[in-house]
Every structure is written in structure tokens, then in C-alpha cells.
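Multiple structures follow.
Look for chain A in each of the two complexes below; its partner is chain B in the first and chain C in the second.
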Partner chain A sequence: MGRTYQTSLRVGPATFRIASEWQQPIAQLSSLYENYPKPKGEFADFTVRLESKSFWRKYFRPTVHISGDFWLPDASPLPLSQGLLAAEMGMNLQMALGWRRHLLLHASTVEKDGKALLMTGLSGSGKSTLSAMLGEKGWRFMGDEFALICPQTGMAHSFPRLISLKNEAIAAMERNTPGDRFGPLLEDTPKGSIRHLVPLWESLEASNQPAKPALLIFPRFGYDKAVREIGKSEIFVRLTQASTNYVALGEAGFKALTSFVDNVSARAIDYQSGDEAEELIDQLWAELV
Partner chain B sequence: MKNAMTLVHALCEPGSIRSFDGAGWTNLISMARAESLIGTLAHQLKDLDVPADVRSVLDDEIDAHDMVKQKALWEAECARRALSSYDGKVVLMKGTAYVAAGLTAGMGRNIGDLDIMVARNDLKSVEDMLLEAGWEWVKPDPYDDQYYREHMHELPPLIHRERDSMIDVHHTTLPLTANPTPDAQGMLDDAVMLENGLYIMSPEDMLCHCAAHLMADGDLAGGLRNLWDMHCLLTEFSRQDPGIWEKLDSRAEHHQLGQAVRRSVWHAYDLYATDIPPLWQSGESVTSAFRRRLLARDGYGRETRKLTRQAFYIRSHWLRMPPLMLTKHLWTKWRKGGAGPS
Partner chain C sequence: MSQQFKAANSEDIILHLLDMMTLVFHRPSGLTHIVADPVPAILEVMQDGASTPSQITAALEKNFDLEEGADVENVVLARLDEMYALGLIERVSE
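Here is the complex of A and B:
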């Protein structure tokens, strides 16, 4: 086995060791995660591995297989040019399959005045873009992939990994954001074009401060502006589907989720543009008190 | 870390972890996860002083494996209910048997599918009852189905349509094509009833099955875990009954599993320092290929020793079937583009 390149990263409460057969993904990670709080010691909760399946595939049209402590048997490999994405996917996979200290909701989160706004929905709903946008407009960005809900306190904890901007959202964010906060543009990924954005330093610095979940939004992009109420049972079922570890946590997961549904206001919103979404969110946020 | 010896030491001499730094712990945890021994490791280190961030991971794993145990027992209960009108013995096997019987081998053990054994003549009625209760075939492939039924020691796997959980219904402990032919009826006759009406194998048979699973079937993937089972069973049973060794010896011969049992006992003694009688301590050598294969894992959790692994993979097929049949089987599978039943 040849040389192994590695780096250790901390995102919110979790630490990762990323080990790779190639230098490039590690170099990209090290530069993009430069301003993140460093792991306290050398111990990592999870190991992510980026490996080749054969000697030839390490050098000739190199393909990266995502593996690690937790892995999926049928995960598709990515070309080496998308090695950064492979590392990010590997970290998400460790969290989704292995993290048990919080209930994981597949949701983006931003914070204001100690209260958290969570946005959840299918891929393409705009939750990631909305969190990135709000993160530049006075909200504290807490995460675009997983909201971590503490089963004991019900508080939302931050998991501010690199923001994964997709397709149209890339140009939209590039207009008002300094270029040195972006990673390389990754084209033709399984999800189209992807470009990673480093959250503002203030978000990273405050990443150990939890926030009380106050509002949950189910955004839907591309429909006429609208706000709808949703019944609690529907919210519950949709969140069981949006949680990667609800089943794995057993009774603790059930208690955390039912208490979340009981205590957090929720609305579905439809919108055609970022400005419309922001207007609706501000309006719902103001009505909270 | 070049091989999994660190993990082996941490399991049987938990004090050995005192010298670990952060990187050492990361290596250990990755290896233990890769070998499906993380729950076991967490239990072994339960009362030790370890760094707080390591403690969090170990506590998570204890919690996760408590759930594994709960789920395994529930699956066994579901099978019991589905088979309540079956009047033969339903014998739990492997992990589920260990947790159902409260054996140390079950502590923190990962348990995937539910494995049960019933009499071969009753397979059809058991199969029908399970299908009736919501289990369905996983592989609707006619070649695989026929292969399982004619040559394997179990039915093709069934999966429950609501709970998504698998059940393997065995009628013996080794493929019918393998050289040793264990006495399946004898195992059923000697099985011990649990409070809920389900059965587990007698201690000797449980050891024979564990050894057969480890040494006479498969390519030693997950071998360290299976060897840990062997270590725990030997330790616990010999404490309860010092006469177990003679019984094990004659029972192993009876099942044509003498070699597999002796080899398993020796490797448990060699790696996990299992307390075994002097008579059992000779035989295998420390340079054994089995030993190299068992330890073929590095600190990143990666598989090492590709050639040894490959050799054991070929051996696993060799053990399972005679050469001509193997050729025919691989030819069919190759044309269909998939791996053989495992």
C-alpha cells in the first residue's frame, strides 16, 4: 500500500480523520477548513477513507471510492477531480450512520437571537441555498445538511460543514460573496455542478453555541408565493423520513422528535426567488413572538 | 499500525490501552469498527479510565449495541410467534443465541440476521409459516434458489416486508457440499430449551458450530469476531463445567469437525490467551496463514495482505464444493455476472 495522506477536521461537535491515497483532496480540505476550530487532540470520532479499487485506478483515470468506519456497499465512485466532494460525502455518511449523540435532521439551520430556524425538504427545495443566503444577511449559519437536536435539552447544535452550493445557486452566491471563500467548481457531479462555500468566520467561531429551535420551514422552490399550515402528525412523519438516525436511536429518538414537533412552529412555504423566500421567512419569524 | 494485534490486546488485556495517545485511539476504534468488534471493545473498556472524547464514542457504541440486542431478541420473538403452531424445535444460532442465553459472547456483539435451525424434513412447513407471517424471498433468481435448496445448509434468505429484517433458516451447520457432515439431528436432539420455548444448542454443539463457521466455512472475513465468540464460549463453558474439554473433543469428532475445533481453540489461545488445557496447546504454529489472515487489518481500518485474503477466498470455495462442481458453479455465476451465494 502506497503513501497515505491525511488530515483531521472538526465540524461542530464531531471530529474526522480523512485518509486519502491522493494528496489533492487533502490539500483542498486543509485550505478550505483552515479557519475552522481545530480538533482538540489527535482523536477522531470517525475515519473517512478515499481509496482506489485497484492499482491502475489510482493513476489512470483515477476514481475515488468513499469508505471509512461506516460505509455503504453500493456507493458510486467519483473521479479524482471530485475528490473534495467525495470527502464531504464520506463525512456526511459517518454522521448519518454513526452519530448517536443527537437526533439528526436532514435540514439546514440558521440562528438569530439565540433561536434557530430549520429548513428541511427534498433535494432542490432550496434549503441549502436559503441557509447560505441568510448566513450572509445577519443570521448565524449553523449548517446546510444536518441539524443536530440534543435528546436531553431539545437544543439545536451547529454542524457548519462547507456549504454545498449547487447549479444556479453557485452564480447567485458568487455575485455578493468574496471569491476567496469558495472551493473549486466541480462540474458533472451526480448532483450537477457543485461549489463549496466557507461559512463566515463568526459562524465557525460560535459553532459550539446551541440555539433553541423556534421555527421549522418546509420550503418549495418554483411555485407561487404561499404559506401553509401543516398538521403535527404530518410534520412528525416527514421528519422521521428526514432523520438519518431516528430509527437507530430507538426510544430516545422518538422522545426527541415528538418533543420537537410539540414545541416548534412549522410552516410550508412556496417561493419563486430568494427575495420572496426571505420576505416570507422574515414575516413568519416576526409572528413568532 | 501494521496489523490488528493492537485490537486483540485491547480486547483481552484492556490495561494495554493505557499508553495510547489520540492517534492510537483513532486507529483502535477504526480497526474495531472494521472487524465488527467495536461493541465488544466498548464493553471490555467499560470500567477503564479513558480520555473523555474516547469515552463518548465507547458509550455511543454500548448504547448502539444495546439496541442491536433488543432488536435481535425481538426478531427471535417474532419468529417464535410465526412458528407457534410448529411442533418441532426452533434452535437459535450465533449472536441471537448468545444474547438470548445471556452469554458473555453476546455482550456488545453485532447481530445482523436472525439465524435459526430446524429439522430438514420440516423445512417446507417452516418456510410456509414464515411466508404466511410476512417474510419474503430476497433473491428471486431460479439458479440461486435451486442452488441453495440442493447444496446449502440453509434456505435462501427471507426478508420481512415490514421490518426489513432477514432470517436464515438452517437445517444443518455446513453446506451439504462441504466435506465434513455434522450430525444436524444430533444437534437438534441435544438442544436446550429457553424459557420462551425457543432452543439453543448444547455447549459442545455451540462450540462446534462456532468453530465450523470460523474455520470450515467462509473466507475468515470477520474472523477475529468469530474467534472472540469462541474465546468467550470456551472461557464461560469451561468455568461452568471443567469436563467440557473431553465432551468437546468427542462431540467434534462425531460431527467430523475435529480439525476445525482444534484449530479454533488453538487460535483463541494464541491470540486471546484463552485458558485451555495443556493437551490442546500444541498443533498449529504461530506462523500459520490463518493467523496472518485473522490479523490482516491496518490502523485506518483497511484490509491488508491482499494475497493471503485472496488465498482464503479461494479456499472458502474449495472447502464448500468439489472441484468439478466449483467449476460449473463459477462458470454459471460468471456468465450471469455476479458473485456466488455467500
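Here is the complex of A and C:
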């Protein structure tokens, strides 16, 4: 058996052990996660493994298979040049399929004054980009992928993994962000071009501080600027679709989600640019009682 | 004799009202159902003792302001079939 390279990472409340047959993804992870709080020697919650399918494919046109505690049998392998993306996908997969301590919503989250703004929507809605943008403008970035809602307290907990910028969002963020916070540009991935951005140090340092969910937004990019109210039934259904562990949590998930829907203001917004979205978000945030 | 039905034990379900719809969390299955009127009302009158479609219809007509001329019993029968399929009510053997 060949050599295994590995690192341990802590993102919010979760710890990961990443093991790889290749050095490159581990070196990239170690560099990009350098300023994250370190795991405190405890056992990792999850293991992610980056493996070759055969001895030859470790060296000849190497492709990375994502494995670990939880895995999908039909997941396509990625070229080694996208090994960093494979590790990130592996970590997301562990959270989506294995995390039980919180109700997990597929949403980005930012915080201000102890209150959390959550944004959820389909891929391409802009939720990740908007959280990255707000994270550079006075909000605390809490996560661009998963919001973790505590079933006991209803508080949102941070999962500030690397921000996954896609396609047009890459250039938009590169314009105003120091280059040393970016990972390599990954082209021709299954989701187009991807470049990871390290959140600001202040977000990482405060990653153990929860925030009270105050506003939920369903953003939609590419439509004329608008704000719409949404009925609680529709919000509930959309959030069950946005949660990867609602069913697994059973009654605790039901109570956490109904409490969230009853207590958190929600709006759908349409926007054509980051400035428009920011204007609408500031307006809705100011209207909160 | 008309088919009798029995509602799930009240401790087996959690009802939660959202705007126009009501959520029903069914503890034994762990499933969440989203139901509209008159299902919550049917569950309510069944908890009060109504068990046959006619008794349920009569209780609904007494307790709620129903549309005049509506074929309430047929609506009740259709909803009872659906609620039975979801496991929210049981058929009582004669």
C-alpha cells in the first residue's frame, strides 16, 4: 500500500480527517485552512478519503474518487487537478448525510448584531455569492453551504468552510478581495469554474458564536428587482427540501423547523446585480422589529 | 352498519397550524403530512367521539359554518380514505 497524506480540519462544530493518496490536495487544504481554529486532538467527526480506483490511475491521468464515512456509489471521479474540490465535496457529503447535532439547512448565513440572515435557494440563486459579498461588507460570514440550527435553542451555528465561488462570481469577488485569500482556479468542473475564498479571520475566530435567526431570504438572480412575501406553508415545504437531515431528525427536526418558520421573517427577492441585492437586503434588515 | 373509524391516539400526532395548511407530524412513522381543511376539523370531531362518516358529517355541520348545499358526506368519505392511507385513522372491525 502506498503512502497516505492527511490533515485534520475543524469547521464550526465539525472536525474532519482528510486522507489522500496524493500530496497536492492536502497541501492546498492545509494552506487554505491555515487560519482556521485547529482541532483539539479529539477524534474527528468524519473521515474523507481521496483515493484512486486502481494503482495505474494514481499516476496515469490520475482521477480522485471521494470516499469516507458516507459516500455516494454513483459519484463521478474528478481529475487530480480538482482534488481540492473533491475534498470539499467529500466534507459536504459527510455533513449532509451524517450530521445529526443540528437541523441542517442548505443555506448561506451571515450575522450582524447577534442576528442571522439566512439565504436559501437552488444552485445559481446567488446565495453563496451574496454571503461572500456581505462577508466583506461588515457582516460576519457564517457559511455559504449549510446553516446549522440547534434543535434545543433554535440558534444558527456557523459552518464557515471555504467559500465556493462559481463562474461570474469569481471575477466579481476578485476585484475587491486580496489575492492571498483565494485558492487555485479550478476550471471545467461539473459546476463550471470554481475558486475557493478563505473567509475573513474575524469570521473564523467567531465561528463558535451562534446567532439568532432573524431573516430568511429566497434570492433569485437574473430577474427584475422585486420583493415578495411567501406563505408559511410554502416556506416550510421549501425548507424541508433544503434540509438534508429533516427526516432523520424525526420529531426534533419537526419542532425545530416549525419553530423556525413561526419565528423568522421570510421574503423572496429577485435581483439583477449584487448592488441591487444588497439594497434589498439592507431594506428588509432595517424593517425587522 | 356503517364503517366506523378511529383517529390515531392524540399523543401519536402533533398538529401545527401554518397559514392555510396544517402540518401533522405522525410520531409512529416519523412522517410529516401537510393537510388542508377539512382534515384538521375531521380529526378534531373524531377526537370528540364521532366515528362513522354520518356522525363525522353531522358534527362538522354542527361545529363549522359549511357551504350550503355542499355534499359534505362524500367529501368526508374521500378524506377518510386518504387519512386511512396515511395512517392517521384506523378502520374499526365490526
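Definition applied: the second predicted complex is superposed on the first by the 288 of 289 C-alpha atoms of A that agree within 3 Å, B and C clash if a C-alpha of one lies under 4 Å from a C-alpha of the other, contacts with A are read in each partner's own complex, and residues count from 1 in each chain.
Keep in mind that, in the parts below, contacts are C-beta pairs under 8 Å (C-beta built on N, C-alpha and C of every residue); 3 or more make two chains touch, one makes a residue touch a chain.
What you are looking at is a predicted structure, and each value in this text was computed from that prediction instead of being measured.
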Combined model on chain A: chain C and chain B, fit or clash: fit
Chain B versus chain C as contact partner of A:Lys232, first or second or both or neither: second
Touching partner for A:Thr258 - first (chain B), second (chain C), both, neither: second
Touched partner set for A:Ala206, first chain B, second chain C, both or neither: neither
Partner chain in contact with A:Ala44 - chain B first, chain C second, else both or neither: first
Touching partner for A:Thr240 - first (chain B), second (chain C), both, neither: second
If touched residues of chain A are counted for chain B and for chain C, the larger one: B
For chain A as apex, the angle formed with chain B and chain C - C-alpha centres, to the nearest 10 degrees: 60
Which superposed partner A:Gly250 touches (first chain B, second chain C, both, neither): both
Least C-alpha distance (whole Å) that remains between chain C and chain B when both complexes are overlaid: 6
Set intersection of chain A contacts, chain C complex versus chain B complex: 250
Contact set on chain B toward chain A in their complex: 21-23, 25-26, 29-30, 33-34, 51, 53-54, 56-57, 60, 63-64, 67, 70, 298, 300-302, 304
Complex contacts: residues of chain A adjacent to chain C: 231-233, 236-237, 240, 247, 250-251, 254, 258, 261
Touch list for chain A against partner chain B, complex: 1, 4, 15, 17, 19, 40-45, 47, 49, 51, 68-70, 99-101, 248, 250
Touching residues on chain C, where the partner in the complex is chain A: 14, 16, 18-21, 23, 25, 27, 30, 32, 34
